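Sharing a structure here in structure tokens format.
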Amino acid sequence: MTSNKLPPLDFELPLSNLNSQIEALERQLPNNPQLEQEISELYKQYESLKKTIYGNLRAIDRLAIARHPNRPYTRDYLERFDPNWLELHGDRHGVDDMAMVCGLVKLDNYKVVVVGTQKGRNIREKQLCNFGMPQPEGYRKALRCFKHAQKFNLPIITLIDTPGAYPGMAAEEHNQAQAIAFNLFELADLTVPVISVILGEGGSGGALAIGFTNTILMLENSVYSVISPEGCASILWRSADKVQDACEAMKITALENKELGIVDEIIPEPLGGAQSGWDEAAANTKKCIIKHLELLSKETDLVKHRINKYRKIGFYKD
Amino acid sequence: MTSNKLPPLDFELPLSNLNSQIEALERQLPNNPQLEQEISELYKQYESLKKTIYGNLRAIDRLAIARHPNRPYTRDYLERFDPNWLELHGDRHGVDDMAMVCGLVKLDNYKVVVVGTQKGRNIREKQLCNFGMPQPEGYRKALRCFKHAQKFNLPIITLIDTPGAYPGMAAEEHNQAQAIAFNLFELADLTVPVISVILGEGGSGGALAIGFTNTILMLENSVYSVISPEGCASILWRSADKVQDACEAMKITALENKELGIVDEIIPEPLGGAQSGWDEAAANTKKCIIKHLELLSKETDLVKHRINKYRKIGFYKD
Amino acid sequence: MDLKEWFNNRKKNNEIKQAKQILSTEEYCALWVSCFQCRELLYSRDLRNNLNVCPKCQYHFRIGAYDRIEQIADANSFCETENDLVSSDPLKFFDTQSYVDRLNDATNKSGLKEAIITGTCTIQGLPAAIAAMDFAYFGGSMGSVVGEKITRLIEMAIVKRLPVVIVSSSGGARMQEGILSLMQLAKTSGALKLLHEAKLLYISILTEPTFGGVTASFAMLGDIIIAEPGARIGFAGRRVIEQTIRQKLPPDFQTAEYLLKHGQIDMVVERSKIPQTLHRLIEFHQNSVPQALNVEKLKNSPLNHVKV
Amino acid sequence: MDLKEWFNNRKKNNEIKQAKQILSTEEYCALWVSCFQCRELLYSRDLRNNLNVCPKCQYHFRIGAYDRIEQIADANSFCETENDLVSSDPLKFFDTQSYVDRLNDATNKSGLKEAIITGTCTIQGLPAAIAAMDFAYFGGSMGSVVGEKITRLIEMAIVKRLPVVIVSSSGGARMQEGILSLMQLAKTSGALKLLHEAKLLYISILTEPTFGGVTASFAMLGDIIIAEPGARIGFAGRRVIEQTIRQKLPPDFQTAEYLLKHGQIDMVVERSKIPQTLHRLIEFHQNSVPQALNVEKLKNSPLNHVKV
């Protein structure tokens, strides 16, 4: 796990301030042993405040956690799921989009094909991964691996953490829209179990392109939305300041997505968010995936199950 | 039909000379009516010589006819098969390779999907069509149309006239080899009848990529070979002068291909080659295709028929 | 045509409508429209008689869903379905205005209940299931109702063994229904997969403009994809791309002609030729459909949802 | 390594062989090879003990088919098939030399009967059907025999439900068998389609060099495609492309690493790690194969041709 020193998130400021206080007192401790009691009290306060803060996160706070630069990414999960996982590369047609990671992975006794979007950790990685925004070729690479899984009757796990499909010139030229649409079309009738996990950002069609699945899981602080809150705010409110309103209005959090019937289960994160405990986040995620693989193994018709799941989504007056 | 004045092919020189003689005499005819008898004799000689020459073509002569710049190309055939044919464009992934023409075509009562390589007539067309050498995207466009045919249970007709797949840098980058291989893989188990016609040049893997079919037809003066005679001569003889030897050695003509068990039927061309009678060439081709569509309609398992056909090709000591 | 032009256009159209309500004699109806492309002043009735295509430069003006169907379907053949399906407000969405108010505005401005009209018709004698989107209603955005109406149309087509024609015109998914809108991409694509497995023909017609969630689902999944000349079609909007890549895009970027050149669509067909093209395509594919297939054989079909 | 280098290499190898016949004590065997890539002088026995990979720069020297199989298969597990299948001369081909003479030369030079060896083996305990091509025999070119041996191997794998591993090394189709060679592309691809329908794993390993008809058929059809470091792989040869496009190609063009970067292969694996990689891949896919499938269910299979 990286331990980059980063400025605290907005809502973490009280925690950060308390932490500075504690650190200051600790520096004086050798000469002032009587401070020990006070420090101990502050520690308790800190823990209590942390629980309060993380128990009362607003949508925009979760958005910040979902995008936290120290949050574990797809490859971090894969390494923890199975240190011997084997990566598959390329769309076979000229491009290996690093924003889409594909591999053969063992989850305890389950052999699965994993397909996930990948953000980069440092500048170079971010550029290689295009900040987690796949090109059409990335979606076609994913599709190739879906078909591999179908042939060998392997369940598919998709890990989603993307701001969306890349809106670039070459992406349009190579038919980004078709790449997404065709993945939806092909995901529809895979006969193997398909489970998706929103790890961080579930950004619009770029997320759904690998998210048309039998089961959708979301990490506690992940978000899933039809458009980025920034995009929504600038279009509907015509103001970049209204991101918080957009977050609230669109109901982007895991809990709201569960209430809307989109998400099947919420995966708990360690207190302080997945960024503060990669191993725990990965362990919880793995456990939840395996639980749902077992549940899906009882389904007799996974195609019908999948299509029906989405068939029912939508509210209207008839 | 175009009637470009072109220099005669090598083996046509005697005909061309005779023709010049006749034209010279005809110019003198108004003042020398007694020449009429001589001209008439020369006409007979001309017709007789034409029959002799076209009845004794060497492989290299047929190669010249197969590449004749006035020879009808795929689009010329399509217009004559069905003036209302509807063209389909594009690989859906960013490229519409004009070297590969695809369309919905009616052959009398048969509705078929046609896929064919296209050379260009004039300089601009030649460049657009890359001189009949498809890029990987062209083969993928063809594959899309094969799948369209499969869905709608439409027979597929492929028209082949290509020096080969394009050997370019982008072509390699986009995996030309895989484009060809994958077409072979996908053609293998199409359940619809698939018939190919070598119209002119059947150049190597670039031809076979749309030529793995239930029935292979060749126009009388077309050629089909594993490598261009020029390529063969330069590699094996290390001499560009040995093209004729290479033509003979590789057995590239329709008749030789039929004797080797590759080709099912040879389509007759008008005397003087298809270039001298586009309508007749197209009519003969259409008639032969329909005949074989009828024959294939009696096959119960076209996949087995197709795979078995190629399964048997090859000579070896066991 | 950018959004500003579109607003101007809408304003003009409203003026025409309002004018119609007041004026009674034909002379007064001689209102003029300036062509968005060539600036030619066009007599509005002439323009309409020419299918809303500029007679001078062939610019294809945006048209409404009912006008579209009227142009394609044989006279009196259109039979609308699911016209009672209207939007609710599952998210209680409020930005500067409530979603409910915006829905009412959209209806008042367009005269439609939703951004899509569906039904059955014949096209030069051949039966088809047809849908047309209307950009005038909420920018043709896809929410639950658009997704549901398309899905029901497709399911009906499977049961009745009809080819499907969908004319798209949309800015994308409807933000006011949040994630529910996004899921319509999966729902409609799943329905199209069932149509595909039933070996039925689906023709997608892309018109000015078609973007976002609509192209990223049913609009790009046609067995045959047709676009009208000059129509702008893409996934991301031009401005978003320019902001992202920080360079200017070529003028023809995302036009129907650009898409054709880049292998994304089968043909660009001018408005007047769309009915005959559809007829030929449907006729070409209809006999080749194996007759044996029926609903029961679609083992995975959730067609218990279908109301026929 | 270009052809000239390859000839030099072959000459050196021959010298080594000849030397071996004459010399008897180990000291005299201390023959040295210069690495094609880093020019380091390598003790030939050390090189061989290092799987013919340069210890200094990791250059992967070309190796023969039997050496290849020895490296991959468990000791004594390889059971060769179809070793009696040899080429005939259906075209009575004669260029500057007859095809028959060239075949004899190829056998004399390589000690092989054809450019491919096929059989069964175990790989770290797991059974597999395996084929390895040998560039030293006729440039690894594919004629009727190569096509037939591959096809028979695949058909046997279908019947015995074995995964298939093919190690390619080839200049392409064998011109001396004309169109018959070309047709082997279709034959082998058709066999692989049947293997695919039997849900069996096919791993393609690309080694220096793999070109032409071999890449345009079975070599590029792997469920998983592996390449050795530095191997040159492509459809058209470098010189043909340079002549066609009239410009110089980048130095890494058509290398394994270039292919990986351009999405054409799944992984580049150094020679020493190939056996364990194969083992893991076969193990990963074996349990997931539905056991119910059998030969009778492959309705389209022409497996009456199979000799098991």
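Each chain carries a letter (A, B, C and D) given by its place in the written order, and its residues are counted from 1.
In the analysis below, a residue touches a chain if its C-beta (ideal position, glycine included) is under 8 Å from a C-beta of that chain, and two chains touch if they have at least 3 such contacts.
These numbers were taken from a predicted model, which means no experiment stands behind them.
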In contact with subunit A as well as subunit D, sorted by label, we have B
Tell me which chain's centre, taken as the mean of its C-alpha atoms, is farthest from subunit B. A
Where the CA atoms of subunit A average out and where those of subunit B average out, how many Å apart are those spots? 55
Distance between the CA centroids of subunit C and subunit D (whole Å) is 54
So the centre of each chain is just the mean of its C-alpha atoms; given that, what is the distance between subunit B and subunit D in Å? 34
Counting only residues that touch at least 2 other chains, which ones in subunit A make the list? 92-94, 173-175, 178, 182
Could you pull out the residues of subunit D that touch at least 2 other chains? 196, 220, 262-264
Once you draw an edge for every pair of touching chains, what topology comes out, line, ring, star, complete or other? other
Chain pairs in mutual contact under the definition given at the outset: A-B, A-C, A-D, B-C, B-D
Per the contact definition, I'd like the list of subunit C residues that touch subunit A in the complex. 84-88, 90-91, 93-96, 143-145, 147-148, 151, 173, 175, 177-187, 189-194, 196-197, 212-213, 215-221, 234-237, 240-241, 244-245, 247, 249, 253-254, 262-264, 299-302, 305
Subunit B residues within the subunit A interface of the complex: 92-94, 136, 140, 173-175, 178-179, 182
Could you pull out which subunit B residues touch subunit C in their complex? 84, 86-97, 104, 106, 111, 137, 141, 148, 151-154
Sites on subunit B touched by subunit D in the complex: 165-169, 171-178, 180-182, 184-185, 187-189, 204-205, 208-209, 211-212, 224-227, 232, 235-237, 242, 245-246, 249-252, 257, 260, 262, 301, 303-304, 306-308, 310-311, 313-318
Within the complex, which stretch of subunit D touches subunit A? 196, 199, 201, 220, 223-224, 260-267, 277, 280-281, 284-285, 287-290
